[in-house]
Amino acid sequence: MIVTEKDSWLGMIFAVHGTTMESIWPRMAVVFFWSVLITTSAFLFPDHAYTLTMAPFTVVGLALAIFLGFRNTASYDRYWEGRKLWGCMVNVCRSFTMQINTLIDDTVGENNPQPSDEVQQQRLHMVRLVICHIHALRHRLRETDPAADLEEQLPGDQQLHHDLAQDNVPAAIADRISRQINSAWRSGRLDAYHVPLLHSCLTEMMGIQGGCERIKSTPIPFTYSVLTHRTVFLYCMALPCGLHDTVGMLTPLVVTLVAYFFLGLDAVGDEIEQPFMLDDNDLPLLQLTTMIERNVLQLSGRPDEELPEPIQPVDHILI
Amino acid sequence: MIVTEKDSWLGMIFAVHGTTMESIWPRMAVVFFWSVLITTSAFLFPDHAYTLTMAPFTVVGLALAIFLGFRNTASYDRYWEGRKLWGCMVNVCRSFTMQINTLIDDTVGENNPQPSDEVQQQRLHMVRLVICHIHALRHRLRETDPAADLEEQLPGDQQLHHDLAQDNVPAAIADRISRQINSAWRSGRLDAYHVPLLHSCLTEMMGIQGGCERIKSTPIPFTYSVLTHRTVFLYCMALPCGLHDTVGMLTPLVVTLVAYFFLGLDAVGDEIEQPFMLDDNDLPLLQLTTMIERNVLQLSGRPDEELPEPIQPVDHILI
Amino acid sequence: MIVTEKDSWLGMIFAVHGTTMESIWPRMAVVFFWSVLITTSAFLFPDHAYTLTMAPFTVVGLALAIFLGFRNTASYDRYWEGRKLWGCMVNVCRSFTMQINTLIDDTVGENNPQPSDEVQQQRLHMVRLVICHIHALRHRLRETDPAADLEEQLPGDQQLHHDLAQDNVPAAIADRISRQINSAWRSGRLDAYHVPLLHSCLTEMMGIQGGCERIKSTPIPFTYSVLTHRTVFLYCMALPCGLHDTVGMLTPLVVTLVAYFFLGLDAVGDEIEQPFMLDDNDLPLLQLTTMIERNVLQLSGRPDEELPEPIQPVDHILI
Amino acid sequence: MIVTEKDSWLGMIFAVHGTTMESIWPRMAVVFFWSVLITTSAFLFPDHAYTLTMAPFTVVGLALAIFLGFRNTASYDRYWEGRKLWGCMVNVCRSFTMQINTLIDDTVGENNPQPSDEVQQQRLHMVRLVICHIHALRHRLRETDPAADLEEQLPGDQQLHHDLAQDNVPAAIADRISRQINSAWRSGRLDAYHVPLLHSCLTEMMGIQGGCERIKSTPIPFTYSVLTHRTVFLYCMALPCGLHDTVGMLTPLVVTLVAYFFLGLDAVGDEIEQPFMLDDNDLPLLQLTTMIERNVLQLSGRPDEELPEPIQPVDHILI
Amino acid sequence: MIVTEKDSWLGMIFAVHGTTMESIWPRMAVVFFWSVLITTSAFLFPDHAYTLTMAPFTVVGLALAIFLGFRNTASYDRYWEGRKLWGCMVNVCRSFTMQINTLIDDTVGENNPQPSDEVQQQRLHMVRLVICHIHALRHRLRETDPAADLEEQLPGDQQLHHDLAQDNVPAAIADRISRQINSAWRSGRLDAYHVPLLHSCLTEMMGIQGGCERIKSTPIPFTYSVLTHRTVFLYCMALPCGLHDTVGMLTPLVVTLVAYFFLGLDAVGDEIEQPFMLDDNDLPLLQLTTMIERNVLQLSGRPDEELPEPIQPVDHILI
């Protein structure tokens, strides 16, 4: 995610980094040279110069704009839903930690000013499993290897190797949390009435995981992307034939500006369609997971030196 | 669903497979030959050539674009809702499996490191019923016969024959899960407080089933589809009359390009309106159900050789 | 609801039945004769023929298209929400039936392979009350008399007469279900922990009822409909004055085609605004309620001869 | 809310009452006389008559139409959300009444064919508090005095005076319902497991109240309304300068018709932005609250003579 | 938030304060002087004056309008979601207060007309923690220091210093509420069945907090803002080249008016994108938190002199 001051209106006019300029300039160059070619040949051989007039471009341009608008809305909805899911993850991790730290205790329903070491260890273990879940989910969404991060949370854990071998590592971690809830209840540390409360947190975590996997695995239907790309391309290539008789030698300039807008709109939709990757405008999953880790460890009363450093933007980019 | 690399912008421009090209080329051909006819006759008999001018086409073209945009949004919402429902199915099956494997045990609320064989069998039976439910739902949505898949899960099951004869096979399977929950509770293997937890999973599974059936059984109102198809058709057929006096002999080319865009937008909406079938852009239900089956069996600790193979795309198509 | 094959693209072009053609042809005829009048008089008295040019029509046509798009979206949302509500009704009735058939038993939390006749009667009575509720709701939404359908479900029931006299028959039926839940609990047939589970089903049924009543009783604000109708009418009547100088004698044809599109869009919105009535494109409530009745009776193990016949489309129309 | 037959398409064309005509005719008159002035002076002094041509009006008209569409969508969403909230209020009041009438009884979990007078009084008192809540909410939203309506429900109630003095009367009433639930539980008339059920109804009532207060207290941002009003005004005032050279003496007529549409769209958005007041198109809160009162009293078995008369539309207006 | 009478249509036409005029006038001035320059040079050197004609402006203007509409919708959704979250906060604080004041008592499930001082103190302490949470959240969203407000609520509190040092102060406060619930249950003042009820209120408060933090920390993707700003700017700067040959010396006026609309639309989106700050159109968080504080203290029976004064608008602005 790009972190920058939006106050400077003028600065944004001339920004390059983080805009779509980097990906669309080759296409714009093609359109520019093509329209130079068309305009020049129309100037040299005026008798053979056909014009399409602007009328068909108005009609198609409008339909194209509406369709691009639709595609942008769909892409942005994916982006924003992804952000909402991770926002919910923040909430549920905090709530889960609070519930683990209060509802699980040596005995059920009795005052216990100082929980035993065993209970404290179980609590911390569960919190660390929650942290493992979000790190594993991040790695899954970004297609990287979660082993290092998980081993840092659970050093020397026997079962971790087995979990990492499963199809779905975050689900395997969630299964371990579920077993911890069960063992806490069956060993008399958790009230039977409160099992559904903890399970609803776990279910919500799995629902968030499923939502993220859905966004990742199901892009906008291929046929939409093809129709958009193709029509934008044809439109920009045909535009000089419609403009050269009225605009004259300025045609390449005008065509390139119009192409900038349409190609830009098209590319923006592409860029945020997959919000979990490492593109400039994607969601800062590393920053979010580190923040969650800090939050839940603080809520569990861990000292500051155990907390990871918060992630800072590098060159205005948060990853 | 089409699984392909979206990185190649140029490749998408020239793609044919999985785009709407296959279904709309006959219509485009009709439009092309019709406009050749109109243009030629206007060229041969200029005295009798009427022109409609582009003005009415601009107005109607805009309204048409907005209406096509509305229809595409409605179709895409159906597609995405279908995907969301199956995403929820993934989540609920995983959560359900975790709950079955921890909350059902020989006794209620006591530590039991090694559950008895009977309990383990009941757990596995319930997990297999969950798998049956999703396979039965897939077959129902695709109008195929679920018998083979269900018998593979429940070999030699007596009641299966009776279930397959009911109107709604997935509902019959869900009813069996409901009876299993009941029997677990009444035989002292499940806490009464946790019955609502398991029932809420089951209710959610039935809600997802109902949602899919709703999308399948209720298309976008017929009157919308007729109005769209008819107006697009009339528009493309009338377009040569509006263009030939300004564009001249290029009219057929321009008309065909415009027709490509409008007919394409119209056809895209049609294609994803029913997202559960076997069209190129439809949802990969077989891949999803197989993935769920693998996930829940892994979470139940079944060895790898019992798991089905994950479905791979064939010729870039996941079914 | 119109049930037809959508595969035939050409067939839809020439369909009449179930399209809005039946309701808008008088308006189209008025527009046609009016534009013949205008065009002819402009032809006979060219000195007095004013033209408005197309410029104002472009501007207003666009705004009109956007506004019609807004209204269609609002109408379609009502239609789809109505369908969603009935889809939820399907789900909740199935879940409710399963819960009634397992959670209510002679004793609480004990194995009971063969429930007593009394319990079986209470279960069936409750399921029949659920069926009564949906039939009563259908009759309420369609403003017909529910007495016959309810008496068929509850023959010889004493209280039915009293229920039918209340303002809101479905609510009176729901009240009876609520009393049955209460009596089952107080007579020791239902666990106190499971009362909220059954009540949540009932609450959801009432929520669906309320949602349907809301859609029925609150149309799109009158002022919107008036503004739409009036502007479409004025637009079509003024259109010949804008076209006759460029399009000439083809004006009536062009105007009628444009009018078809705008009047059609306007009429489509009207038709599905009230989705519970008996228009061609309305929701098939009779088919849905019959399907629910079949489903819940099958889930309760009733023999096939007790089930009502499923409703089949008559002349491509499901009611 | 305007209650009228929508069947008469022609009748709606000529309707005046309940359309925005009443509020916008002064603005239309200003626009008309202004355009007469412009047109006449352009006719008298053709040498000094500037024309702006229609080109800028096309561009701005479109952007304006899209922006008006956005604003209408936002207004309508507010209206429909308000209606949804009151629809939920209907549901929750009915469900709450059913639960009060069954779950609260002399003893917990035992059969009790005839509840004692005290219990019956407490039930009726709670139902009357529910009715008080909705009346108090209606008065709060319409900024009227709730005292009379509340005293009618609770004659001679001591605490009512204190409640009416609080900042938020409906919240004070809800607090009393909460205390009644508590007292029922603590006096052994309500099962502890069912307290959350009743509390969830109460929470939902408060959620509805909060939603209505939110809609009332937060209009669409001022800056939006200003931008809309101002641009519509400037657009209509400048329009004659763009039209007079092509349309000639018909300019005032055309301008007024265009102004009708844009001013009408603008005014419609204004009118339903605040849906709880007494404008013609606002929600019929009095009818809704009276209907709820009738419903819940009937469900509590009160005789017909105790029920209030249903509210009928006066001159096609329901308030 | 701007609090003003919307009745005066004419007043809004001439409003300056609270509209975007303050932020966009420099840009409008640039556009104005630039178009004076272009127009004058075209007038002085007509032979070298190129015109772009209006055709490309129509196409791009439309696409731009649709894109601005998309961006405004996204911004407004953020604004309205922020408002909804705070509206939910109002509801949940009221419900939470009612539940704290009834469900926590000296003993569980017994009548207790006069709660002990200790219980009353614990109740008030919990209510004050709820108030602290909303104040801390407001300060966090506005990036101000919460210490003063929190110390006013909890004078002499030992732990406050520690809470204020945490990364996330509102989460630290919520953790304290969670511990209070736990202590109430474990000391026999709260029924185990009602713990989930209180926890669900707390979870909702944390969910609202997370939602607000999400809106604050994730603006609309940078690339969107750049594309909008840049295209609006280029469009306005190029517009004189398209208009000067038809509109002549009025070009600067027309361009400035068109620029007002596009720059205004662009700036409106910017202004409400971050709804929690202190801009004129932002949400009145101080007024909302003060209102919640008054409400919950009144519901807890505190005397009027303990309540804070309600916040009044200053110069039509609520903060």
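First chain written, first letter: the chains are A, B, C, D and E, and each begins at residue 1.
Assume a residue touches a chain if its C-beta (ideal position, glycine included) is under 8 Å from a C-beta of that chain, and two chains touch if they have at least 3 such contacts.
Just so it is clear, the model here is predicted, and its values are computed rather than measured.
Novice: Would you mind naming the chains that touch subunit B and likewise touch subunit C?
Specialist: For subunit B paired with subunit C, there are no chains in contact with each.
Novice: Quick check: how many Å separate the C-alpha centres of subunit B and subunit E?
Specialist: 38
Novice: What whole-Å value do you get for the distance between subunit A and subunit E if each is reduced to the mean of its CA atoms?
Specialist: Using C-alpha averages as centres, the distance is 24 Å.
Novice: Residues of subunit C that touch two or more other chains: which are they?
Specialist: 58, 62, 64, 66, 69, 193, 196
Novice: What is the shape of the graph in which nodes denote protein chains and edges denote touching chain pairs (line, ring, star, complete, other)?
Specialist: It is a ring, because the chains touch in a row that closes back on itself.
Novice: Beginning with subunit A and moving on to subunit E, name the chains as they sit around the ring.
Specialist: Counting round from subunit A, the next being subunit E, yields A, E, D, C, B.
Novice: Can you name the residues of subunit A that touch subunit E in the complex?
Specialist: 1-2, 4, 6, 9, 12-13, 15, 18-20, 54, 57-58, 61-62, 64-66, 68-69, 72-73, 76, 79, 83-84, 87-88, 90-91, 94-95, 98-99, 101-103, 105, 109-112, 191, 193-194, 196-197, 242-243, 246-250, 254, 257-258, 260-262, 264-265, 268, 271-272, 280-281, 283, 291, 294-295, 298-299, 310
Novice: Considering the complex alone, what residue numbers of subunit A touch subunit B?
Specialist: 27, 50-53, 55-56, 58-60, 62-64, 66-67, 69-70, 74, 166-168, 171-172, 174-175, 178-179, 181-183, 185-188, 192-193, 195-196, 199, 202-203, 206-207, 209-211, 213-214, 218-219, 221-227, 229-231, 233-234, 238, 270
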